[in-house]
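You will see chain A twice below: alongside chain B first, and alongside chain C after that.
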Partner chain A sequence: MALLDQPDVLAPLPPVGLHFIEALDHSGLFGRGGASFPTGTKWRAVAQRSRGDAVIVVNGAEGEPQSKKDRMLMSTRPHLILDGAFIAARVLRARRIVLYIGEGYIAARDSMLRALAQRTEPERGIVSLAAAPARYVAGAESAAIHFINEGVATPTSAPPYPFELATLVQNVETLAHVAVLARTGAIPGTVLLTMAGGVARQGVIEVETGTTIAEAITRAGGPSVAPRAVLVGGYFGRWMDNDEARRLPVVRESGLGCGVVGILPMSRCPVCDVAAIMGYLAGESSAQCGPCFFGLRALADACTRIASQGSNPVALQRLERWAVEVRGRGACKHPDGAVIFLSSAMSVFAREFELHQSDHRLRQSA
Partner chain B sequence: MSTERHLVVDRIRCDGRGLCAEILPELVRLDDWGYPILKPGPVPEHLLPLAERAMADCPVLAIALRRR
Partner chain C sequence: MSLVLLSAVVILGILSTQRVQGSFWPRFLTTGLHRNLALMTVVFLVLHVVTAVVDPYTNLGWAAALIPFSSYYRTFWLGLGVISFELLLAIVVTSLLRGFLGHRTWRVIHWLTYAAWPVGVVHGLGTGTDTFSAWMLAITGACIAGVGIALVWKVASGSSDPLADARATFRREAR
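Right after this comes the complex of A and B.
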């Protein structure tokens, strides 16, 4: 019973109350936005603080560059997502639902608004729309709340944590699973993945929990060229050797984050690709915390120097030291994500980083 | 003997003025851009007066002592 086999129909919601949180616990449902946090635990924390004034944020910001599954779901299963949001609103006694959708995702937004227009007047009355800026950190929980309350999509210092503000920020895929649980008594037991890079058919697939990455790659038509490594979880994830990644099961503990599986072909230079992505991540710092703003820029520049001028042991040692020092020193997890990405690259591509020559690309294409 | 108080930095507020590292080098060092790196663990009792001074003297009130 896959999520994408569910019809997107308008039907009265099943009655739900606080006991539904126990059903969430038992189902084992976890968040699909990136942090894989247990949904039941999150709802309980919000429920304890709600005085009939909770806010539900339907997170369709999808800031991860290679991820497409949230947009696909908003475009094809808008009622399922809205069902999940209205169920959350009932269980957590919310006065407000905010649809937080990436500003460039026109088809997804229009689909959600069309579905909303078919809802009852009391339902429509508590829903509003907020266009998430096209920035990497805009989808972070505290950034979403900051934007909705004050118009600035930058993360804020914790505490207060989102649940302490009686606010539930929940990814659209998670909410669709909530709806299926409320209607059928069970969650689909599946995960949406976005297959990217060197596979025959790039795009969104749905796989059963426990499926291996190797099977997921087969579902995407197999590798398009000889694969070198896999980036599991997008830019917020980590690099794995191809053989190791193929054995990885799609489960909560695997760190699949938002579900992006990117296959790097042998033909590409990992050092050059890592340098380019580090440059992107440095540019996506919200420039609030020094270690992130200066640290990621320095890390990205150092990677670019290695890529363009060749490697040397001093540069590599400094990269490793900075990567350790930056971690855990931002208000949000953006710097942590960037250095985990980089450290995993330097481990999986240790040889490439060590031997990288400035004329690498020239020799490669010769 | 250790107390149960820890140093915490509000990373958004911190401007990298570096006073904390001058006042309390035993627990605070600066990274290559001048931002504090804290030694993990609770503040030892004999350093508490200095930690309180680092907290009071921070120009942007970014460093604090917290119980946890």
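Right after this comes the complex of A and C.
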């Protein structure tokens, strides 16, 4: 039964203990925030370090600009998310639950607080609210913890890893799946996707695991215009050629990240769009590490120059060389994500990058 | 020789915090030299300790080389040398394991350098065989002057973090 078919009702929580972690392992549930990390493994690491003092962070920061599924779930299934958080608190013996919700998501926040007010479990008393700043990196695990502890949503270097601090940072969709597992003995076996760009019906859909991207596009009303390529996983994901993306199954190994599927129509200029998004990602660096702050800015500027003044082989080579030098050199994964985005774009849109001219003659002649 | 190397390592370490660079001296050269000379220092120090121990004339024994102030011979001055060496070992080992320790832990331990270097200098002054010969005094003096100048310059020039402004802006906005 799909996640969105579940009723959002008040019902006593099923009894849970440490054995529930084995159930998580067997279910194969993985995180829906972007890293696709196995949920059971994460819970076990926290459980081993908890002395009744674990902290559960309910991550609804949703900093990915194209993603809408976390907001939608908080607005429509708040009890399911709270169920998951309370179950986590019981299994991991938590002293604190923090609802970390994007500061602009008023409806989602109000929905969660309304649901919380209806709860009667003792866990209600340990819940607090934190408004996640509207910055791209604010949803990263370490940034969430840093914000809750010190009021600044910047990622921190690891170690210490969050689980070493007996802290579980878990995406709201993952927690809803946890609740269904505890209540019914099985996870829904589905994934929430946010369909963006050139589809007839943009927005959130729920698909069975194993569904192809082609079927997901059909569920979203089909392409609205002729598609050129697909951005799988949002700005932290990668570009894929349209035909290749359509065959991709919705499974953990496909690297769907936070579940954003963006369809780029033929009518748009990929070089200009990539340059704009690189500019956004450069501006979202938290300026803690030089290679990220200066490197992403240099990459974005180089993309913008190609987009506005036209391409040449030297500029392209430099772009490729710089991209390699930035990767892996930040305390967090922000520069890596941006570089994967750029590198995949340069390979999928190799022809457009090579032939791009300032007046877009390529696009008109094609 | 160990003192000269160690002093060079300390100076390079200070220079790397100040992001010194020029057209013929890229920044990675400072950190690369710092790292390689540090490992070389340890090799020289091991040689220094081993030769001192196995030298039949001194008859120090391994315990004296590893446990501070356990030597019957010049207990205090030798003890300083042992302490300095062991501090350096801690610094090198934590640097090699930095990825497992976390930045903060590594950094705190790395500050021990500021203890290890002067202790090493005093050890040399206290128990060196040629301490007061002109050439040894010149070497020791040059080492002290070099590190001293680098330190004064670091303190005087303050932070040269090129990210300071951008970071402060982001932190203000990400609240």
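FYI, the second predicted complex is superposed on the first by the 359 of 366 C-alpha atoms of A that agree within 3 Å, B and C clash if a C-alpha of one lies under 4 Å from a C-alpha of the other, contacts with A are read in each partner's own complex, and residues count from 1 in each chain.
Rule of thumb we're sticking to: a residue touches a chain if its C-beta (ideal position, glycine included) is under 8 Å from a C-beta of that chain, and two chains touch if they have at least 3 such contacts.
Only a predicted model underlies this, so the values are computations on that prediction, with no experimental measurement involved.
Undergrad: After the match on chain A, would you call chain B and chain C a fit or a clash?
TA: clash
Undergrad: Considering only touches as defined above, state whether A:Ser267 meets chain B (first), chain C (second), both or neither.
TA: A:Ser267 sits against neither chain B nor chain C.
Undergrad: Which partner does A:Pro160 reach: the first (chain B), the second (chain C), both, or neither?
TA: Second partner only.
Undergrad: Please indicate which partner A:Gln118 is in contact with in the superposed arrangement: first for chain B, second for chain C, both, or neither.
TA: Neither: A:Gln118 stays clear of chain B and chain C.
Undergrad: For A:Gln357 in the superposed arrangement: first (chain B), second (chain C), both or neither?
TA: Neither partner.
Undergrad: In the overlay, work out which of chain B or chain C sits against more residues of chain A.
TA: C
Undergrad: By the touch definition at the top of the document, which applies to A:Pro291: first (chain B), second (chain C), both, or neither?
TA: After superposing on A, A:Pro291 lies in contact with chain B but is clear of chain C.
Undergrad: With the two structures laid over each other on chain A, which partner does A:Trp322 touch: chain B (first), chain C (second), both, or neither?
TA: In the superposition, A:Trp322 touches chain B alone.
Undergrad: Based on the superposed arrangement, let me know which partner A:Gly330 touches: chain B (first), chain C (second), both, or neither?
TA: The first partner, chain B, only.
Undergrad: Which chain A residues contact chain B in one complex and chain C in the other?
TA: Comparing the two interfaces on chain A, one with chain B and one with chain C, the shared residues are 157, 288-290, 294, 331.
Undergrad: In the complex formed with chain A, which residues of chain B make contact?
TA: Within the complex, chain B touches chain A at residues 9-16, 31-35, 37.
Undergrad: Spell out the residues on chain C that touch chain A in their complex, using ranges where they run on.
TA: Spelled out, the residues of chain C in touch with chain A are 100-103, 162-163, 166-167, 169-171, 173-175.
Undergrad: Which residues of chain A touch chain C in the complex?
TA: 133, 135, 137-138, 147, 151-154, 157-160, 285-290, 293-294, 331
Undergrad: Please output the residues of chain A touching chain B within their complex, sorted ascending.
TA: 156-157, 288-292, 294-295, 298, 322, 325-326, 329-331
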